[in-house]
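One chain, chain A, links the two complexes that follow: it is found with chain B in the first and with chain C in the second.
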Partner chain A sequence: MDGAYRPGPFGRGLAWVTALYLVLPILIVVPVALTDQRFLSLPQDGISFRHFQTVLGSAEWLGSIWQSFTIALAATVLSVVAGTLCAIGCWRISRRATDLVRVLMLLPLIIPSIVYAIGLYRYFGPLGLLDRFLGVVIAHGVTGIPYVVITVSTALAAFDPRLEQAARGMGASLSQTLRWVILPRIAPGIFSGAIFAFIHSWDELVMVLFIASRDVFTLPRRIWDGINENLDPAMAAVAVLLILFTLLLLLADRALRRRTEGG
Partner chain B sequence: MSAAGRASAGWWWLILPAFLLLVVFYIAPIVQVLAISVTEPEPGLGNYERLFTSGAVQRVILTTLRICVITTALALLLGYAIAYAITLATPQAQGWWILAVLVPLWISVLVRAFAWVTLLRRQGLVNNTLMEAGLITEPLPLVWNEFGIVVGMVHYMVPFAVLPMLASMKEIDPRLLAAARGLGASRGAVFRRVFLPLSLPGVIAAGVLVFIFSLGFYITPAILGGGKTLMVAEWIGLQILDLIRWGLGTMMATMLVVAILVTPAIFSRIVDLRRIFGTGA
Partner chain C sequence: MSDLGGHALALSGLTKRYGDFTAVDRVSLDVARGEFLTLLGPSGSGKTTILMAVAGFVAPSEGAILLDGRDITPLPPERRDFGMVFQGYALFPHMTVAENVAFPLRVRGLSRADRDAKVRAALDLVQLGFFADRLPKQLSGGQQQRVALARALVFEPNLLLLDEPLSALDKKLRAELQEELKALHRRVGRTFINVTHDQEEALSLSDRIAILNHGKLVQAGAPTDLYERPRTRFVADFLGKSNFLEGTVRAVVAGGFGLEAGGTQIVVALPPGIDAPSVGARSVVSLRPEKVALLLDGDVADNTVEGRIAGFAYLGAGFALRVDVPGLGEVRATLPAWKAPIAPAEGLTVRLGWAAEAAVPVEEDGR
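Moving on to the complex of A and B:
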């Protein structure tokens, strides 16, 4: 198709400007994190890693990072187990009856988290789940299910249902079919879903603002307080660490997909 | 038959955990929100009456709608340019463009809001640079107002605008464009009379998606608005956490959900809604 149709100068220009607008502001936190000054600024007389040292030497930041990590891990397990089983069930039954389930699974993506957050605030009170590890895990895990359902459903769409029928026909039980026939084939989809569910929980702030206060103080919550109270270069250092971590997760996802597509 | 029946019952069991989790821990809290809006402080539609009588409530709604319309329009324009460039780029260049769209999508929204504060505040990098260059003498008010909110929200929404538009542009047969060119249409005419009309369903889907996401947006407006420009999500939070006015807060939350469910329903007559969420992750 070469020598075919290409965008004009205005279209190209606008696309370039937009791409720069998307990427550059995020990159600005890198030099700010490396500043040698005590306030938010670009490096003046050279770069310094002391703001990273501040963050990585602070029990508060490390505590929040660890808390966010464990919450995200537990929430991911919940999302992956429930979401994968649900996607397989919907795929296999595939009747109009599962349409309702599918719509239900999309709701957490559409309904703003503020609505859910105030609901949970009231709902978790009597259950004793406010400001508890378990409460946040449930909130994040449940809202992470849609990501897993979407990626696993995509993986299942490429899976030949006759393999499953053959396994069942030769006498495999439901759990044997799941373990040995279906799950190995859709593993990359499950893994992608797990990464998205993890990032979802790891970054989530709005629910945490309402259902957690002191004992559960996740990383996004600490960043939020930092932005609202003291804007210092340590915040930029945290931002850089977060960006690196997200990129790492996305690279892992990409590498895995490429490997399975190649093999 | 009974064996087949048992087998299909087995598959239903797989759906059960997710279904129960969602009903008990997602639907129930939200239904409770809807219920509170008509029961507190006293049963009835008193909270909803405020929609027509309270100036503060109306002001928040108008501010939100104004910001969302502006955000949607800008995100569509910029997103269209990117989707257009991706569609017509070589496969190699496509990879880079898509990276530029997808990576910001997954970077924490807090990190992005923080980056914008760093750039736009009074002693921020933009104002400092402009002052040093002698272009301005006073710092420009770039953040903690509506301008800052729009800049941050458009930045967040462009990737969501790109994905549905890209999906619909990919369905356009490139030979149509070459044919129109070959038949003597100018570049502008090819775009206006062939490409644009064919990509319109994607534009509408993207517009609906960006608009409903913008309506309930909390973090970016809260940080970049600095508490002065209130959008509904932050206003709801304020009612619940600071003013303990559950009735009013849940009423607005209900209106938000209604608006978010009704907007796509209106447009579903024009475009296939699966387009909007089909490209999800």
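Moving on to the complex of A and C:
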């Protein structure tokens, strides 16, 4: 970027206003989480960490956090495997039909999740997947595929197809080529996709509202219920924890990208 | 496994069509054991497609590829056991030089100890032993090229395919690596098939050259045969430089004929094995510029013409003259610079001469 035009004061100001506009609503939960009151409010007489204590000492909250975490982990595995294979397959075959497949894979992103959720509800009932760990994992895993397809396809676009030819020409089978040549080159793309797929499942609410009720009670679901039933500031504390966790994942993604670009 | 001389390869009626476009048109060609064969042609001549078909990356539409008489056309690339050097080398950027070279051994399941020994030997062969732990991007173009060679040779393939192996290098390095490649071919004694559009590279490296144009094999033969006796106008033009003199055959005698081109009478000696044209037929002869001499007063030659120098270039080793000859058009001549009989100047009238054996009749290329 050295030697590029510097933004003028107007452009710079606009950028800051936009950034603040995006970040402020998120930041408001931080003081709310630190309130000393017993209801959702800004701190009155001082800040307090008691709502964090409530959350971290409550079996319900911890159970939901754990459930969300395991669901997100399993869903991520599903998304990564299916999405990576799909992207590699489309890349290798690379015909007009595969472009269609790639667009098709983006459908879960394009279709409103409430529409998708209604469909899932009708569909999961007869299959006995309602309110099941597996059901939520499948729902989240499938809708997480687009993120992986996008990031892996991007990584593959930068992959020199002659490397694959070279490997095959030297006697490598398809699986050897995949393991030793293609995967190491596109690993950063896969990790990026995995992080996005994880975040997607981690904070997904709409589908969970439809296909889970009692046994599966994810963190976003508990926050949602908390807001509806009582205005406990514990939710703000959870929200802060969520934000921190997501931020960590994004920073990990950034660090990974920087390392691969530098190396 | 490593029987002397490598594999013999035969292409039989090889054809590749992409929709309406015929990239390779019924090419039949034999490559002998231990031979260094170059497929030479302009871009789009089908030479790379042929190489890719031999490697197994392109499935021919028709025809067969025979390895020591065995049909290998349906085999996938990983089962053909050929070494290959790709255009731009295609080194694995995430592996060190040693890991790159070890790759073909790794896929063959060799033990680490065996691998290490062979990798060291292969790197020594291309004089890159010190660079084993570097990454490809830390090497120069010439070094990368040598890594690619080592990687292609490490598993002792009986056939090595080279896709424009030197095209990414600068001129001086290219000449250096040409010599190395030639020496390497002699040392390992295997069959090499090289693809290039660089006629100098083809002439200096090959035992035999196959010239391709528009997907068809135009002529194949030893470099000297092709250069001295091009069969068609395209071959004469593509391999080296050439003047073309067109005219009508006026007289045919034993071992030669007389051509009238633009009012000038030219005598042409026929090389053995080429039929004389009939009297009255149109004929084209190819005349290499270096076979045209600049004549001083009193010098004689089988053919002499007079013209004005339209332009010249000093090339260090020689002068390249363009001489306007009335009736014949522009005749190009190259003279050794250090003993040029005159100092060339534009507009100067000069006499050019050449021997009857200097010109060779060529066919027009039918499409």
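Convention: the second predicted complex is superposed on the first by the 245 of 263 C-alpha atoms of A that agree within 3 Å, B and C clash if a C-alpha of one lies under 4 Å from a C-alpha of the other, contacts with A are read in each partner's own complex, and residues count from 1 in each chain.
One rule holds for everything that comes next: a contact is a pair of C-beta atoms (placed from the backbone, for glycine too) under 8 Å apart; a residue touches a chain by one contact, two chains touch by 3 or more.
The model shown is predicted, which means the values in this text are computed figures rather than measured ones.
Participant: Is A:Phe217 touching anything from chain B or chain C once the two structures are fitted on A? First, second, both or neither.
Facilitator: neither
Participant: Between chain B (first) and chain C (second), which, if any, makes contact with A:Trp61: first, second, both or neither?
Facilitator: A:Trp61 sits against neither chain B nor chain C.
Participant: Counting residues of chain A touched by each partner, does chain B or chain C come out ahead?
Facilitator: Here the partner covering more residues of chain A is B.
Participant: For A:Ile28, decide between first (touching chain B), second (touching chain C), both and neither.
Facilitator: first
Participant: Touching A:Phe191 in the superposition: chain B (first), chain C (second), both, neither?
Facilitator: neither
Participant: So in the superposed three-chain picture, is A:Ala167 touching just chain B, just chain C, both, or none of them (first/second/both/neither)?
Facilitator: second
Participant: When the two structures are overlaid on chain A, which partner does A:Pro112 contact: first (chain B), second (chain C), both, or neither?
Facilitator: The answer is first: A:Pro112 touches chain B but not chain C.
Participant: Based on the superposed arrangement, let me know which partner A:Trp180 touches: chain B (first), chain C (second), both, or neither?
Facilitator: Touch partner of A:Trp180: chain C, not chain B.
Participant: Looking at chain A, which of its residues have contacts with both chain B and chain C?
Facilitator: Residues common to the chain A contacts of chain C and of chain B are 168, listed in rising order.
Participant: Which residues of chain C touch chain A once you look at their complex with the stated criterion?
Facilitator: So the residues of chain C touching chain A come out as 55-57, 76-79, 81-84, 86-88, 90, 92-94, 103-104, 106-108, 151-152, 155.
Participant: Can you list the residues on chain B that touch chain A in the complex?
Facilitator: 7-8, 10-15, 17-19, 21-23, 25-30, 32-33, 36, 77-79, 81-82, 84-85, 88, 97, 100-104, 106-119, 121, 123-125, 155, 158-159, 174-175, 177-178, 181, 187-188, 190-191, 212, 215-219, 223, 233, 236-237, 240-241, 246, 249-250, 253, 256-257, 260-261, 277, 280-281
Participant: Could you list, by residue number, the parts of chain A that touch chain B in their complex?
Facilitator: For chain A paired with chain B, touching residues are 1, 4-8, 11-12, 14-19, 21-23, 25-26, 28-29, 32, 40-42, 78, 81-83, 85-86, 88-90, 92-93, 98, 101, 104-123, 138-139, 141-143, 145, 147, 149-151, 154, 168, 174, 192-193, 196, 199, 203, 205-206, 209-210, 220, 223-224, 227-228, 231, 235-236, 239, 242-243, 246-247, 249-250.
Participant: Given the complex with chain C, which residues does chain A contribute to the contact?
Facilitator: The contact residues of chain A facing chain C are 160, 162-163, 165-173, 176, 180-181, 184-185.
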